[in-house]
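In what follows, chain A forms one complex with chain B and a second complex with chain C.
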Partner chain A sequence: MQYLIQLLISGLAIGAIYGLIAMGFAVIYKSTGLVNFAQGEMTMITAYIAWTISTTVSGNVFVVAIGAILAAVLLGLVIERLVMRPMLGEPVFATVMVTIGLAVILRSAINFIWDAYPHGLDISMGRGIVHLGGIGVRTGQIAVIVTLLALLAAIWAFFRYSKVGVAMRAVAADDRTALLMGISATRVHALAWAASSVIAGIGGVFFALSYDLSPAMFQLGLKAFPATILGGLDAVLGSGLGGLLIGITENLAGGYLGSGMKEVAGFAMIIVVLMVRPFGIFGERDIERV
Partner chain B sequence: MIRHLAAASLLLTTACLAIGPATAADPGITDTEILIGDVEPLTGPPALLGVAASIGHKIAIAEANAAGGVNGRKIKYVLEDDGYVTARTIQGVKKVIDVDKVFAMIGISGSGQSIAVMPVLEKSGIPTVIDVAPVKFLWEPPRKNVFVVGQSYEEGIIHLVNFLADKNPGKKWGLITQDDDYGITVRDGFDTVVKAKKLNVVYSGNYKKGQQDFSSDMLQLKDSGAEVFLAGGIIGENIAMMKELEKLGIKPVTGIFWPGRIEPVLKLMGPAGDGIYAVDYVEPFAGAAGKAFLEKAKPLVSEAEFKGINRYTMTGYAAAKVLIAAIERCGKQPTWACTISELEKTRNVETGVMAPISFGPGVRFSNQKLQIMQADAATLSFKPVN
Partner chain C sequence: MRTGDYKQSYGELVALVDSPPVWLWSAVLLLALIAAPYLLNSYAVSFLMIILITVTGALGLNILTGYTGLISLGHVGFLVTGAYAYAVLVSKYHMPPLVGFLGAGVVPALASLIVGAPSLRLKGLYLAITTLAFSFIINTVILEMRWLTNGARGIQVQRPEILGINFDSDAAFTYLCLAFASLTLFATLNIRRSRVGRAFVAIRDNDTAARVMGINLHAYKLFAFVTSAFITGIAGALYGIYLSFVSVEGFPFLLSIEALAILIVGGLGSALGAVLGTILIVLLPEATRLVFSLFSAHMDATFTTGAQELKSMLYGLVIILFLRFQPRGLVGAWHDIKRTWVHWPLRY
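Let's look at the complex of A and B:
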């Protein structure tokens, strides 16, 4: 039983990181109809910035958190303004290709700005081990699960009750009508890129806290994308939950079926789910596939 | 008209042949310069080895240039990035040979990349010394112009597992490897010793390249009761494995392989990495030879490059020393043929960073002596085990 619980906890922890990045994918898709293939790289850049703050400014958890969030907002806004906005109205394929190009640039930037060595995000919390009923869990793992749940609740409330959230939903549903209603689509897009960068960046920072920081970290995007597909490409909350499902499935498969099955299990589940619900568990039926 | 052109071409060819080899010099060499080419991963995760190896080449070149160059000629280093993508390695090697027209090649990316580029090197006939990723295919069968400094992955693993088996008789073993050619080599070496020493293997895992979370794998290892563990990851994977084991509250005797034997790894592993064993053929930086190398390197590279030094810098340095020495022995008019011949005559060349290097007639592999090291978390270094 302890073996199963340990697998579930670890699965939830890594799944929460996938979930956060997956939510980043979904926020952009929901607002702009675009799949951002540079999501993993944006996640990685934010984590590297957090590490830089922790080593050069202060290792205080609040300083690192605020600095990283501000940096992620800036990163999202800069990318939207300089790279994505000029692509407005262009064919979706061309825009998607731009995000792929952006991914390559951001990936290379790691070596130019930082280096290829692995680094640890050493802030006062996160690396400690607590024992819950004889099961060792890192504090960073507990924190990421709590953060994901808190963000899920906050985002649900944001889309449900806030003016900006409703405006974002309106743009997602019909941007022309939203424009006629006085909603600025470009502003909503900018907000979506900033929000996506922050949410995914939080996932990246937690990953760096629990594991390490290296130029290979962009691969998290490849792991989180299936979570978005599973939850629904246009379902922000669903994507978060999709991450948890993928994390748990991977770990159970790895623990009971063998190491080789770990990476396969998540994708196998996606194939099965998409055969039944092609738009994802929580996605809307008329989703446009890219 | 065509007849005239043909006659002129014939005349020109005859004239060139009559002038003889003194002026028909091989490419990459002028009265003042010798060009040495290299293609390495300078971006992406494998930049960790590519950048470090290139720094080693630069140190040896800077050292030679500071001493007046090779018989009066300064060495110029032409470096290309392949991003660890095989197609780009081939493209890069063709570019430095055909466009930059280098005199010799050194380094050359990872194992898969250097294997893929072998036909290009062989066809060109350019003197080449490979140092980053020594795998058997590079020297078996021996190619006339390609020399390899290092030790085979398989021999390295056999040496490490033999050492751990002798030190821990009758213990239960666990192994995890990557699902690629690197992992297969590690597994082959491991299996050789398992068979010979009849080791009791209770856990054998195989993870997909790029995997970052090892929680279920390490839980399985714990559940199996393994007491000695061969962590077949490269860098990030081994860090993740050791931290998982720490979380699970177990500390088996652990061995890692040289691609992951770099000091920053120990910092990331923290106390979990204390006491792990590693095998390598280059000197540890904590030893006298390692310290002397760092002292030598400091004035020859930039501050940023100095920070990028790791074990691959030593392999790169040693290979470049051997190549430069061979060119030097050719005197005032070095040619490819002479350089290859002199490389073949390399006997017990001291580089200070590994055992003396030798090649021979039909021997294109230096077959470096291996040593076991142990991690010391307090000083974040690997120390030789006697």
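Let's look at the complex of A and C:
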């Protein structure tokens, strides 16, 4: 029983990280209709920048957090302006392939700028252990779950009540009509890329806190795919919850079936889910007019 | 006077080649390729082998992604399945290599039925991600089936001997690759001009309209998957023989991306494009190395330390630049050049 609870808690913690990155996918998909295959790499760059700040400038939590968020915003804006905006109006396939090219470039750039060895992000937080009813839980694990829930609530409110959020939904639903209504689609896209970069970057920093930075970290992006597919590509909140679900599934499969199953449990799960609901659990059915 | 390339009958639209000179130039190219292993040094021959093997694989993906418009991010899964099917049959159970090649085609084709089945309901990006999932699952399956595949240790593969001909030397193996590559090219071109190929293209352009016109979407999508996986599997077997060692690490996920890059750079949905794209992408790192070494010895040193990173950065950059500035790929550029040549100094 204790083993099960332990698995569930660590599953929730890693699932929250997947959830954050999956929300990054969904924010971009919701406002631009694209899947950003470079999400894992963007996550990784933010985490590496956070590590660089912590080692060269200051290990203070607030300095690192603010620096990482600013870097993530900048990264998102630069990528949107330089790489994605020229592709506006091109077919979806071409634009998605551009993000794949971007992913390849970013991944190599990381290996080129930083080295290929693992690093621990040490800001004297997140590695302490709290005992909850006899079960040891890392503070970092608690923090990431709380962050995910807080962000879920904030984003729900943002899309529901704020003017910008409504504008983003309008662009997602029909960008031409939105343009006619006076919404600047490019500004909405820029905002979406920046927001997605920050949300996923937070996930990346938490991952670096609990585990380590390494060049293989881009696989987080691949792991978060099942989460966002499970929740539905256009469902931001669903993607967050999908992450938790995938994290738990993965950990249970790894704990009871073997480590090989842990790697693919998420992928196996989405294949089954997509057979039943081809648009994800919380996604909207795509009705095609002829 | 003929002022352009006009088709005047349905027969011309589905002809294998546009005009008789194409046959002549193809024959010249074939002869050149046959002579090449004896004229080039062994370093260049290894590039020739890689190009021929990659062409086979790229043509396989072209049927699925180029013709039928189903994006696959998991083609490396078929490649690795084919390589393992060959290695297990030939190295482990000592079957004749021809049976091995047949297995290398059939096993991925059967696997593709499993991946293809969800594709009947999924579209676009959801399908791309399902194929991605498949390629990760297949790696795990291979690693877990230790009794058959030796798990992470991989399988040693020898160069084959088929019908009494020994393909041990580099030249002979190049001929084997050449045979497979030209057969595949011929088959792909013929599929494209047949009823099946037209159905594929109709599905790519608008699947609802294709269905209304009486094309059985399920059957043709599955057929595209099976054909594509069959060809890719054989390319995988050839690549395994080239590496002389089949393991999961020998087939990284980057190969899937590389295959898509080849199709995009060459021109999506064109067999000629797949060939041109392969040549460019395979030779790109080598060409860059040459350019770098021309500038200075210092740059050359940077290139060797960060070679792998620079090489992949170039892939990415080339993909992005092609999509941005030449979306129709090298084939599109070639058509533009031909048109300019014919019409000059007029624009049309």
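Keep in mind that, in the parts below, the second predicted complex is superposed on the first by the 286 of 290 C-alpha atoms of A that agree within 3 Å, B and C clash if a C-alpha of one lies under 4 Å from a C-alpha of the other, contacts with A are read in each partner's own complex, and residues count from 1 in each chain.
The definition used in the following text is that a contact is a pair of C-beta atoms (placed from the backbone, for glycine too) under 8 Å apart; a residue touches a chain by one contact, two chains touch by 3 or more.
These figures come from a predicted structure and were not determined experimentally.
Engineer: After lining up the shared chain so the two structures overlap, which partner does A:Arg107 touch, if you call chain B first and chain C second: first, second, both or neither?
Structural biologist: A:Arg107: touches chain B and chain C.
Engineer: Should A:Phe158 be classified as contacting the first partner (chain B), the second (chain C), both, or neither?
Structural biologist: neither
Engineer: Is A:His119 touching the first partner chain B, the second partner chain C, both, or neither of them?
Structural biologist: The answer is first: A:His119 touches chain B but not chain C.
Engineer: Could you say whether A:Val96 touches chain B, chain C, both of them, or neither, answering first, second, both or neither?
Structural biologist: Touch partner of A:Val96: chain C, not chain B.
Engineer: Of the partners chain B and chain C, which touch A:Pro278 in the superposed model: first, second, both, neither?
Structural biologist: second
Engineer: Output check: A:Ala268 vs chain B and chain C. Expected answer is one of first, second, both, neither. What do you get?
Structural biologist: second
Engineer: First (chain B), second (chain C), both or neither: which does A:Gly260 touch?
Structural biologist: It touches chain B and chain C both.
Engineer: Taking the stated contact definition, name every residue in chain A that is touched by chain B in one complex and by chain C in the other, in rising order.
Structural biologist: Overlap of chain B and chain C footprints on chain A: residues 107-108, 111, 222, 260, 263-264.
Engineer: Mind listing the chain B positions that touch chain A in their complex?
Structural biologist: Checking each residue of chain B against chain A gives 42-48, 51, 176, 179, 205-208, 210-213, 215-217, 219-220, 223, 235-236, 239-240, 243, 246-249, 262, 264-265, 267-268, 270, 307-308.
Engineer: Quick check on the complex: what are the chain A residues that touch chain C?
Structural biologist: Against chain C, chain A makes touches at 35, 83, 86-87, 90, 92-98, 100-105, 107-109, 111-112, 222, 225-226, 229, 233, 260-261, 263-264, 267-268, 270-271, 274-275, 278-279, 286, 288, 290.
Engineer: Can you check the complex and tell me which residues of chain C touch chain A?
Structural biologist: My answer: residues 71, 117-118, 121-126, 128-130, 132-134, 136-137, 140, 143-144, 208, 254, 257, 260-261, 264, 306, 308-313, 315-320, 323-324, 327.
Engineer: Touching residues of chain A toward chain B in the complex: what are they?
Structural biologist: 3, 6-7, 10-11, 13-14, 107-108, 111, 115-120, 127, 129, 136-138, 207, 211-212, 214-217, 219-220, 222-223, 250-255, 258-260, 262-264
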